[in-house]
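Below are two complexes that have subunit A in common, paired first with subunit B and then with subunit C.
For the complex of A and B:
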């Protein structure tokens, strides 16, 4: 590890700046903030998965102590607020547009999932609001709910506008070529897969606090958002809450998101609307039960996968049919997750020449399903890496050997896949080799024999994953249906004394941007790390931004800062040239010094910064000031890739599966802060192992969430996890100035497939779904 | 609510006996405070017994050990003589919660909270522990397995509380063990806990045994049939199979999404076998 005192530049494992406030209790989360005169909101939520809303009797609760107002979806509709939109539109294979069901922030006529808000109680205290909410008497006309994904398209339509509950039937790839590949195949391997529904569980529940200033007509909304600018855009342009320049969103410290805080939800929308309506600041903070019920869930796919191989085990074609649960409404990114973030990744690390995927996006009476860490890419990896492992077993080829035979070679980049993407660079063999060494692949048979001698079963599983990160080139994204560009903005503002305030449109909710981004700018400008402050998460301070998701922050947001910093240097050269009476073209900049080439004349960064704000006899064409902005739009996705290997040991008498070793060798391109990267990988693996072994969001057939608390939804903990053996290989990204690819999701993408490949290896059957609970494993062990 | 912290047993007993509403003894508070905070109980009086010297120590005598009702389980883990004599009891007590919880919680609190899944109780019952009870009508001593009568209820009478738990001095060639199983599909509620205490006769044959199961029925159960299955054996496979079968027969678990009856029942047998083997080894058998 680098010594943090002597090295704080790119590549140094600098301790995180932000941790000082987090571990000393000075973090400021939305619920820590209070406004004078604030009142508290508690939502009226549907107890039914599908029902018509009849009369809502609020007379008794309105009389209760401390109750200020009770507003319903009907009031909101009367005020003309618009629906919550889906930001991405997908076309069906027949060319028709997807069918987006209307999604009012508060339901007014019909509720479509348990927990859906249809009104809000505003009271002096949270407790008073809660008591009053319980006293509201609503007549519901309960309707039959559509809960089971498998039969959803043959059930009654949930939304009038959506026959068969089908939002879209999307395809990608060449169907004919794929069919032909299967006709010529020596082997065809088939697998039915379930990707279990997961609940994101950020440590900080969602919250919002809104204030309306009647003099300026400005609304200030503190909210737990991963992308406050995007949320503001949606709230003003689509929902019509208030004009964009009269709406300030602040996402202060945010305690984790994992995707769930990308989206614009009913609650913050309602809180902001209500604050203006009742002329009081309004605060809402979810309790844990509300988080379980109403945060967008993730995954929930059923897939049928077929792989065609020739006699030598070369992949000829891959055919995938997936049914994806979208929940009751389309959440902000929902349409894109099982399509463009999934189907495009099905080539994996391999040269499979023909791929065809069809995805049926389906509505059900469950909470909306949207992006959760990895979003689409864990599902794709699960499909590809499970079928490859099964193919190896069925053909009797070593799983490493089968992968090697089909991997894209290092000299084949840039590589055009049959599913739209062009991988710019990579070296998959290098990560695989390193991972095999780390796990001691050669020693596995002996370890397995030792386990068997002790009455245990042992298995080893691989996942050689690929992901597309750094979302993304705007032009490509917009052509594929994105409603916004996917660039990022940054500003490097040099203060007169030479310290630097950096503004980024990225948002940190645990990732450590304040450290990583300060390293980038400090490295570029040669100013001390401690002299760089990073500001994010406030539309009133940061010009614009698209926020943090899809492992995009460093690749896109970090690159924007490099471009802005380079503009600062260019401007600084003009000022230095003026001060030193030299030709600007003869000014060099290095390590925080401006110097005249081939001379001993130089100025420090601080001297130039000061002169920028004290402009003595500046020429007409030199503006004072030293502050520059940039919008960076990448030309391609980045493609992190790597090999994850899980080794498990199973106690057949209890069914307990222990992950005894986990190796992750990832290629994230250049690494800015290896400690932070390692932390991101650890967290991702923990979530992936959680999905594979423990986590499962379950609705009963009435559409009641029966895993709505930590008693029933099992989160991974330290004692469920081994020490991770984490390493990186590097092929720098070819198209961004830092050579970085992004690391936030990789752990969650590779690990579920690796763990399930290990468990099925140990058990000798593919007939087990995630989560592989001890009871499921136990039943297989006793031959049920 | 009133809070009192008396310094003698007699004073504590008087306070509890005279309380008008519901009175609760406060030991570590790791159950009591949780229940007060979520509002399932609203005590009129809370009597903190940790200021009473008689509840604060572990003493060893010729007849065995006396563990005061205020002794945190962490202190049990630091008492070498106790650990040597009753390793199973100590390991059960040191499975409760976490280090932080163990710095507060007590085995008496664990017992009187009367949860079917209380970890230390199967080990205490297997060990033949007794409770020293103080009450308005003086003192009495009762076997630990007679204290809990159902989930959340005890046989303690109004005004009574437990001053200490006593453990006999184990005969030579004795051993005990406790194992618990929490399948990770849920939070930490044991699906089964198995306690075994046994004494060997000549040639490594089990002379006497006690087998208990936690979490598989409304109270911790003593399973005499399981003890009989291994008595007179050297824990050969046949004996262990009989032990497991007896334990399975004693199970009356609930069926829920966290675990089926079938699974809970069979795993109870597995755990009991494993605990028996450990106890056997500790007793010097091999």
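For the complex of A and C:
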């Protein structure tokens, strides 16, 4: 870090640049934008979980006031639009490819989940479009739906091409070695686990506004996306909406994503197609019911977990069998979430020598399931940290002690796990120790006794999690089935007056990149923080990008900016050397000054920038201008890890569980802005506590979503949550220039296991599934 | 359907508009008056993103008809700052990083203002209870609660200064 920027450079808790517009009501989200002449889209949606679409009678609604057009999946198919693809191809253990069911943006022959769109009404007002949509008469031939995950593979096939509704049966690890470990075990601990289905619920519903310019044939689509370039690539290359250079996607301010806005959905696709087809700007904003029904859901796993231990409590082997619900179609990342983002994390923080995991990915007549904050890693952590806690209880070993006995030691890095990953660095004991201090582990028995004296039950639960972030080395990802590279692009454009405009392929929808990325570039170039502007989220301004998910933005997108900034410095040195009549090798760059080593000659960054654009005294062999790009492809994943501890108190009279303390000590490597990192952890913990105590996406046996509103789906509110006690330890990532690992998902990864370990500790039974609602807890307390 | 003519006051300014009988106050603010700071998060009064005050009372503008604004005083997020001078709640939200994506923030600020207007010295529990009608998916509420508490201190200081001046 250079001296000039200690208040705003790397490591400083800089207040966020973006906040002023948000706190004054001048944020500009997709639904805040309007185009002259726009009309409104309302979708025709299936009321059935599975049905053949018969005749669609639109004659009456087409006569209604304000109705412009009604388009269906059949119109879209006639226009030749392609299916929405899954971007990751997974192979089954027998070597066969996964079976991907065709997913047209608008259904034309059959619908496969409640809420699936099969048409769209376009009208002058939203209300007119709603009224007309109500008046459309569609003949549906209802079919039996496959809803129950447990029996889905023995039910009728949903898609003709997919026998037993099985998309894939994937495995990872050494089955024989794992079997052998179990044969030699002194103890085997077994657990059946359910990872409940959750609904992401960004507070901004998805929205889209598309305009077609007939003169240029360009479509501009404002949309709520975490990765507009990736969405453009898919809409162009797979869906065939429009050539890439005639399609501009703008994701302006986006009101939270949590994974749900990674994917290319039917509605945004349809809006762009319709705008060209009817030659009018078309706007759509989901209402909350549509968000519940159609945003990709998360988790929804059934697992059988077995842990083999020797007589001393050393882990010998871990065997996991998981059934993962994929929903009715494969969403964009769906295939990878319960496989490469899940099975690879089952070593956790431990030296378990043999691991074998089998995952059956299964179709059901429910909305597609895909990445939600953590994506596979919360599920893996739940498996590992629940079974470890149960093993400690069954063997009568302190849960901290059992973990310590099995943790990878700080001197064992780089560490090759039996499930493919190589952890580059870490110090799990350090975060554990810090967390134990923070929770006052030694004082817990007294606190428990005090609770008991007051008629309450108190419990403590641990989660020592690991995650793989910074997605991802491109060649590795592509060799494992990814359809795209997972590098990130960055451009550092120095303006003639020395201010800097930064372009990044990462997207900020709450993460604060406009601040963090400005800190990185300001620190590197020695330019004042306020002279750095960050541009993101517009395919018309930013060259390319893979977007924001998997806690990748700073590790990959931030690293790209470092590389680009270093190219700026390198060129600046050539210019400065010429101007100062020195050897380029003798030019140093420090704190925004180019200077000749061992002399008092120097030029400011601004002087060099000006010379680059007004090249009066300039090297003959150098192009004018000072703007550099970089595509940064990571060498490895990053491995944030840490310890989360939840302490709960249960009132047996009401079944209400209060999280009385929550400690998170995380190792994210170097921290750019501790204030922002703290906030990311808080939000993740809140979502994880929500999953553990409150949230559950439930379909009835007909495939109707019965948790389709905030009255039925319980979101954590201000009075449900405690203050959080969060801290960090640091082992810098070894393979990116910032030493960073990523912090966006850790909270949601560690907290469900910590909370459930605490609740089962308090209740003295493992027989409770997430969410541990007050009703479930109350029934257990009553002995029901 | 004929429109309804409404005369009202919004953020201190006299405003007239014509709306349909079924239009909500939120629709009017966003679509007719282009005051898009109030957000549409659920349409059912469950998320609080559309919070405004009507005659000083905190309401979800998605549950109030536009026509009901007749003769009332409506305050939205756009009216919270005094020109360039931020309200203490706004300043403290920035200082405490009490927002991330920002979509719920206008609703939280309006709801917190309504709290401080009736209780400028709330406990943490009172703050959490008062803001339980507003959903935030990003922050886990911790920093919001701290910001509101800090803003309350600031508001009390300002009130103290005003009182001293009036003596």
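Everything that follows uses one rule, which is that the second predicted complex is superposed on the first by the 776 of 784 C-alpha atoms of A that agree within 3 Å, B and C clash if a C-alpha of one lies under 4 Å from a C-alpha of the other, contacts with A are read in each partner's own complex, and residues count from 1 in each chain.
Heads up, the rule we're going with is that a residue touches a chain if its C-beta (ideal position, glycine included) is under 8 Å from a C-beta of that chain, and two chains touch if they have at least 3 such contacts.
Keep in mind it's a predicted model, so treat the numbers as computed, not measured.
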Which partner does A:711 reach: the first (subunit B), the second (subunit C), both, or neither? both
After superposition on the shared chain, which partner residues are touched by A:698: those of subunit B (first), subunit C (second), both, or neither? first
Per-residue touch tally on subunit A - higher for subunit B or for subunit C: C
Does subunit B (first) or subunit C (second) touch A:653, or do both, or does neither? first
Which partner chains sit in contact with A:256 here, subunit B, subunit C, both or neither? Use first/second/both/neither. second
Is A:773 touching the first partner subunit B, the second partner subunit C, both, or neither of them? first
Looking at the overlay, does A:679 come into contact with subunit B only (first), subunit C only (second), both, or neither? second
Which parts of subunit A are in contact with subunit B and also with subunit C? 710-711, 717
Quick check on the complex: what are the subunit A residues that touch subunit B? 653-656, 693-694, 698, 706, 710-712, 714, 717, 720, 771, 773-775, 778-779
Interfacial residue positions of subunit B with respect to subunit A in the complex: 181, 183-187, 189, 257-260, 263, 266-267, 270-271
Per the touch rule above, subunit C residues touching subunit A in the complex are 20, 22, 30, 35-44, 46-47, 49, 76-78, 80-81, 86, 90, 93-95, 97, 99-106, 109, 125, 127-129, 131-145
In their complex, what parts of subunit A are in touch with subunit C? 15-16, 18-27, 29, 31-32, 127, 201-205, 253-256, 258, 285, 287-288, 509-512, 675-676, 678-680, 682-687, 709-711, 715-719, 721, 723-724, 747
